[in-house]
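First the structure, which I've put down as structure tokens, then a few questions once you've had a look.
Chain naming follows the written order as A, B, C, D, E, F, G and H, and within any one chain the residues start at number 1.
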Amino acid sequence: MDKETLRRLLTGVSAGEVPVDEALASLEDLPFKDLGMALIDNHREVRTGAPEVVYGAGKTVGQVREIVGYMLTRDANILVTRATEDMYAAVRELCPEAVYNPLGRTISVRRRLPAETDSYIAIVAAGTSDLPVVEEAAETARMLGNRVEQITDVGVAGIHRLFARLDLIRGAKAVIVVAGMEGALASVLGGLVAKPVIAVPTSVGYGANFGGLAALLSMLNSCASGVSVVNIDNGYGAACCASMINHL
Amino acid sequence: MDKETLRRLLTGVSAGEVPVDEALASLEDLPFKDLGMALIDNHREVRTGAPEVVYGAGKTVGQVREIVGYMLTRDANILVTRATEDMYAAVRELCPEAVYNPLGRTISVRRRLPAETDSYIAIVAAGTSDLPVVEEAAETARMLGNRVEQITDVGVAGIHRLFARLDLIRGAKAVIVVAGMEGALASVLGGLVAKPVIAVPTSVGYGANFGGLAALLSMLNSCASGVSVVNIDNGYGAACCASMINHL
Amino acid sequence: MDKETLRRLLTGVSAGEVPVDEALASLEDLPFKDLGMALIDNHREVRTGAPEVVYGAGKTVGQVREIVGYMLTRDANILVTRATEDMYAAVRELCPEAVYNPLGRTISVRRRLPAETDSYIAIVAAGTSDLPVVEEAAETARMLGNRVEQITDVGVAGIHRLFARLDLIRGAKAVIVVAGMEGALASVLGGLVAKPVIAVPTSVGYGANFGGLAALLSMLNSCASGVSVVNIDNGYGAACCASMINHL
Amino acid sequence: MDKETLRRLLTGVSAGEVPVDEALASLEDLPFKDLGMALIDNHREVRTGAPEVVYGAGKTVGQVREIVGYMLTRDANILVTRATEDMYAAVRELCPEAVYNPLGRTISVRRRLPAETDSYIAIVAAGTSDLPVVEEAAETARMLGNRVEQITDVGVAGIHRLFARLDLIRGAKAVIVVAGMEGALASVLGGLVAKPVIAVPTSVGYGANFGGLAALLSMLNSCASGVSVVNIDNGYGAACCASMINHL
Amino acid sequence: MDKETLRRLLTGVSAGEVPVDEALASLEDLPFKDLGMALIDNHREVRTGAPEVVYGAGKTVGQVREIVGYMLTRDANILVTRATEDMYAAVRELCPEAVYNPLGRTISVRRRLPAETDSYIAIVAAGTSDLPVVEEAAETARMLGNRVEQITDVGVAGIHRLFARLDLIRGAKAVIVVAGMEGALASVLGGLVAKPVIAVPTSVGYGANFGGLAALLSMLNSCASGVSVVNIDNGYGAACCASMINHL
Amino acid sequence: MDKETLRRLLTGVSAGEVPVDEALASLEDLPFKDLGMALIDNHREVRTGAPEVVYGAGKTVGQVREIVGYMLTRDANILVTRATEDMYAAVRELCPEAVYNPLGRTISVRRRLPAETDSYIAIVAAGTSDLPVVEEAAETARMLGNRVEQITDVGVAGIHRLFARLDLIRGAKAVIVVAGMEGALASVLGGLVAKPVIAVPTSVGYGANFGGLAALLSMLNSCASGVSVVNIDNGYGAACCASMINHL
Amino acid sequence: MDKETLRRLLTGVSAGEVPVDEALASLEDLPFKDLGMALIDNHREVRTGAPEVVYGAGKTVGQVREIVGYMLTRDANILVTRATEDMYAAVRELCPEAVYNPLGRTISVRRRLPAETDSYIAIVAAGTSDLPVVEEAAETARMLGNRVEQITDVGVAGIHRLFARLDLIRGAKAVIVVAGMEGALASVLGGLVAKPVIAVPTSVGYGANFGGLAALLSMLNSCASGVSVVNIDNGYGAACCASMINHL
Amino acid sequence: MDKETLRRLLTGVSAGEVPVDEALASLEDLPFKDLGMALIDNHREVRTGAPEVVYGAGKTVGQVREIVGYMLTRDANILVTRATEDMYAAVRELCPEAVYNPLGRTISVRRRLPAETDSYIAIVAAGTSDLPVVEEAAETARMLGNRVEQITDVGVAGIHRLFARLDLIRGAKAVIVVAGMEGALASVLGGLVAKPVIAVPTSVGYGANFGGLAALLSMLNSCASGVSVVNIDNGYGAACCASMINHL
């Protein structure tokens, strides 16, 4: 509630046009409701049809079914990440048009999709083993109304493959780099592309990879500027960042 | 601002007794000022003369001097933790009654001290090398209006010394255990005392102590219930927890 | 055995009223039995009907059945934590009134429950995935005779939800905060509430969460004073701490 | 060199208009020079007056002096990060208009500064101890042609201070959050602001902070979407990311 | 494309012997194709029949089948590492001569094997539990055209067994040491053999082995010179290194 | 082969009493066989009937069966550690008198057992969850010819139980302490007993226990002297150490 | 106080031979004094002239001086470990016969030295950089009444030097192995010697040595049985263990 | 001593041509001297003028002076690594022709240098801050008789600089890659060069670099085959490996 609205309300009370009880109802929980509204405004900016998101990991099939069921009553677009096939079976019963991406482990329900941007997000991946994260990022980005270009299998061990796709990557408004093992692709791309690069380390690898730690540290220490990092395997988070940038 | 206050204000406006601009001034930043007031209330509970606290580490002497100078204008009790002798010299120029605890590395300015509690906090330490943390905790607890009993050098390697002091420890309302190396004292005391135990791991030790990590993990994994833990060497934090409990 | 008791006993021996053998039986294992009695006294403070607790993890169904069977002969209240459904099936055969909390993974047998406190413990959780830890803490706290208020799904990503419940939280005598991922809720609440806050990091999260390490370190480094921490996922331990405080 | 340029060149050679040696000079190192040119183009996008950057840490005063001396011959804007006062003394001899930011440890030489953007980057810091990183980020962002707004001392332990500055933060095109200790500010802001948030963990803290690791893990595990992270204390890197976004 | 080739091409164009379009086709994608060719040359050195390699871990049976099917159309030697029996069943349907090494978890298809070297690689293992890594290394080395000598169960706990095989080890051109637990064999051999030693830590062990970390750190800190290290359990990588050396 | 033996041999050759070929057979592989003999001597000290030991973890049932089968031909006592029930089934087919300890996961074949020592090893355990490690240690110690006394469930959370058993523990020649969680029992016992204490951290615990790391670090940092440590869960290793001491 | 003593005391009271107050004085603090006496007995076993030990690290010169001064009044042998030259200067003023070992950083005051054992402790070190730890161990062992043999510079990189000293090592009753870097010497010796081996990892090394972690993990994972480990650089602790064994 | 030599010796004894004592002198310490001789042979292969090496870190100036003084009596080439200027001053007094490399921190005394190889080792470094490690490697390699080519400042953030030097790198017989921060250069080069690549992670970087850990893990997880790794900052070790390869 901004100052002018508040002044109008008080003037109305002063003039006897607004009963005290009605003004009271508007004001009494102002500290939090207003804050809440701000957040809703805030959300509105992001959304215009943005999906409600459910993080499936650690939830039971029953819990996911119940949450999605509630969301469906609000006619929302819905994205379930880290979803199992069992979760999908349960959701599909509620909503036959739900779609499952088995690689990206996402369930998506598209009701009133936001318009797709003209500009696009490039999602670049080092190897085929990184595809689950790529797909999670791509599903998320699309649900958030972004055009997406996927470029896979351009790891630095065969760097000529990367150069062959450089124009497509440079044309993006934001770049997501998905890489496991030593994650060197983030640094190499960071040096070649003048766009914001969001790096996603993946847990692909073994031994001293320590579940993605090697790629994570590598990306955080990138000698190229313009690279920021999200959590290991967090394709969803990278897509949220990139979508915010792509919608600027 | 509670509902009744708000109703009174609006009734005043409606009755023409409170001008709109005056009401507006009270209300316009309500979301945050009210929240702030809540916090001040909140603080009042804790304080009644509680010190303003400055964390000295990583601050320059000039910064500490400036902050303390400002606090002195508010006639506050002041506690500077992790303070160097240089900081003390600077503060003493501003305020000759400031006191320095060289072991605990605290500067304290006592203006209107809170009444001391009848119940007390026991601060129990494994070894003499833990004394800096003990002193920081004790200074803090006293500045917060607590009676304090210190029991030192009762590490588990000579456990009979601990038993000899058990009655004093059991008589406390809250117990702070300060221990480095393997931090076993927290578990032993947790099993012997039916009072809340706040454990402070210290960085005392060497080799695979890893700067207090050994004691920290040991305390977090205590097989005795009723033990909670604060950060390594964080005597100040332990005293805040214990003081809250002691003032219940 | 205090000094007066001892004097009375010796006076009785001296006066021929107490046979030497009877006195001997009272005294011979004094070093340890007395200590044991102290501990039992100690325990008595805590209990007045407190449950016997079995930590189920790493035990076989047979072991749990045997231990519970023995406890039942002592007519104790019983709490089994980290209990599987199989353990419950075995216990229910011995004791049909045993109750299983599948989310909290606890089995509870309530025989002579302690009176519930007037004051209450607030258990505040960041997300629905933290519920197993919340339920373990709540079951434990109730078995220890505490009134409990649960506030869930108030993570800092939607901080207005937290503010809406702040009064309930501030009314508690002790606050348990349960949060995974980055565990920021502990710091935020620590800054808003002037009561002892016991933080439980959970292993909820993925990637660089490292099984709860991120939340644990976050909570230990809380910039808010008055926050102490227990082990990852240790709802039981947090409830023991909070119960001790709540019974002061 | 695109296809049409190449065709024109070859047609010129074929027609005898372009001597073979001249064509050869254009083509012989094509694989790399062209790539280099692409990178220069690439750089041009970023720059239009962007500074040459020298990372001062681990370099001797002599090395910094030599590098800056060379850059001055190219009439470049120059930014030295992690610069000591000694480095500044050496640089000022070469270039009296060089400016030293002692808090941010930067030396800057402004020759042909890029036009400042209308949109701005908000740099939000939890505590005064984070100021060195804030200043490094602010210096860098300004040298890259960005309007900057700094909001400091809004840590989550006193969250009302943050709310009071929320409008300013929300008005930014990109937000840099600088926080040490538990780094919770990133998550809280990530939940309140619908703009890309770049989080910089700082090494401020002690004990189980492990040189910024606590804040780093906390930020990587942020439960708020739209938060990406750079290396500990890397104000420079955060500003590069934010500048790329702010210039979109 | 070297300078002379380029000059000949341009001279041809200038002389009208090479049509512009033909020259254009050779040159237009020079930056990347040339680079690619370099890599192919590069590869040719290594190969002359070297296998195409598929890293099986994290791939589905279907993916492996598809990749191998494509490779078979190119008549390549094929090596699948970290292959399951299910993968082998799928590959054997496509190619009955495929061979599975159950210990080394490799599938190999030998079409036009490279000539075996006269010099050999010694693969020395501490214990029988290290055999899977040994077998992976041996399969890889053989597929790359190397003579291989395997020496197993010569761990330092019974060092006389190692001495009995020392001549065979010293006769090799490159030595691969495979050891888990404390990995001391690498240091001992490094001190006894004047040939390049490539150490492979294995994840064999338990407790504070931390999945091979103990052996990894041990080998990296070897007091013997001439020892370099590859990732934990990375028999494939060690064989690639050793094969490069053995083919010098 | 000591100098006198060698002189006798050579004198025999010189005198024609020992044929050259016979002397050659004794000497030709002297560098290693002698070393081997030394080791066998070495072993003889330990053994006089000591078991051959097979580490079962990471071995297949077939491998264990084969190894044990070979050992049986040498009429050895046999100890298989980390043995599964399947391994036992396979071994029992070869050797019906083999005995399985399901808790300690050991298979033992006793043929010519060494005489039991008069002095004994005390194996002291904190909790019932540590029993598998206790049993592994006890089985091993007994197979090595030691009298063993087991004292369990004397964790420091109920320290009076420990004191009640102190005489038995102090009577031992070597003490093995087995404890998980925070491992404080090792320090407490180290302070109470003047005998060599070998501490075995166990992986019992959860959360920040990190698979036994907490207990391991705790024990390594023990403030009590006379405590040395073996690997996490390594009951076998502790028994070997204790047996060596007990046989002195 | 054993049962018979107690019976005699009570009989005396019953017979009027022992006044109640005298009996009371003997009994009232029995739980702790008796325990204390037990410990003193316990200590007596160890000592017979054993030194009082002061851990100098983290203590001020003044504190060391005060503690040693007090000890001198008790005419004790004194050992200060991790002592600086300044500490020595202060101690020498009090006690001119104090001796400083600059390499081992020990101050020793020998008053009534215990008789030296016939059997000896072998202290074996990998490199000259390990000498400070060797010297600390040797000083400690000698102050505890042990004959000591030092064998240095026998690291595994030149393993023949170790073999040349093997007889001397094998003749010891307990063996201390001191090694940094990869610490392989412990495993090698553990396989060659049938005596208890106490391994001391040292912080000698760099890079991925991580302050002794590499050697520590290596030694804990030793494939040789009979090896136990103390904290990094803890020569004092190793000597205490070895002395206990050597005095059996 | 091979079998034929042994037979000849024994035949000589049998024939009375070789006195028993003479034979005895040859044989009595055969186990170790022979082994030692083997090692010396072994060394001879490496050396032919190879330097004696002193690792300066952790040694006093006096110790270095003494060791070098002894080596000079043997007329050896000498290399001191991690040497301070003070060490150099001390060495120069003994040997005026000693040369100090202040960047590489090496002292070298060249007496009878080995012939330089025709083939060369390429030492490739990412940034100027890596130069100390480069120089240590280069000094070492030259002292071992290798031709060396240094290529610096070719980090992946400006990858075109690397391509411009690729021919020189590919021409080497062994390649040393020196890189800090994220160490991506090792992977990129590993994919471009068909020669053995020895990667040296450096401690250059800050924050989550953790003293070189980021680069170390990155290099160990390299997606390019043919890359092996030595310890952080271990230029000396890399040069030893490369020299062995270069001399094959």
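Some points to look at:
Rule of thumb we're sticking to: contacts are C-beta pairs under 8 Å (C-beta built on N, C-alpha and C of every residue); 3 or more make two chains touch, one makes a residue touch a chain.
Everything numeric in this text was worked out from a predicted model, so none of it was measured.
Under the contact definition, chain E and chain H share the contacting chains A, D, F, G.
Its interface matching that of E-H in over half of the contact pairs by residue number, F-G stands out among F-G, A-C or E-F. When each chain is reduced to the average of its Cα atoms, A sits farthest from chain G. Contact count check for B-C and F-H (C-beta pairs in contact): higher for B-C.
In this assembly, the C-alpha centroid of chain B lies 59 Å from the C-alpha centroid of chain E. For this pair, chain B with chain D, the centres built from the Cα atoms lie 39 Å apart. With touch defined as above, residues shared between interfaces to two or more other chains in chain F number as follows: 31-32, 35, 39, 158-159, 163, 191-192, 207-210, 213, 216, 220-222, 225, 231-232. Going by the touch rule set out above, the chain pairs that meet are A-B, A-C, A-D, A-E, A-H, B-C, B-D, B-F, B-G, C-D, C-F, C-G, D-E, D-H, E-F, E-G, E-H, F-G, F-H, G-H. Taken together, the chain D residues at the contact with chain A in this complex read 35, 38-39, 42-43, 45-46, 53, 163, 166, 170, 173, 191-196, 198, 216, 220-221, 225-232, 236-238, 240-241, 244-245, 248.
Touching chain B in their complex are the following residues of chain G: 31-32, 35-36, 39, 55, 57-59, 63, 201, 203, 211-213, 216, 231-234.
On chain C, the positions that touch chain A within their shared complex are 128-129, 158-160, 163-164, 204, 206-210. Chain C contributes residues 126-127, 155-159, 181-184, 186-188, 190-192, 205, 207-210, 213-215, 217-225 to its touches with chain D in the complex. Residue ranges on chain F touching chain H, taken from their complex, read 3, 6-7, 10-11, 13-14, 16, 20, 23-24, 27-28, 30-32, 34-35.
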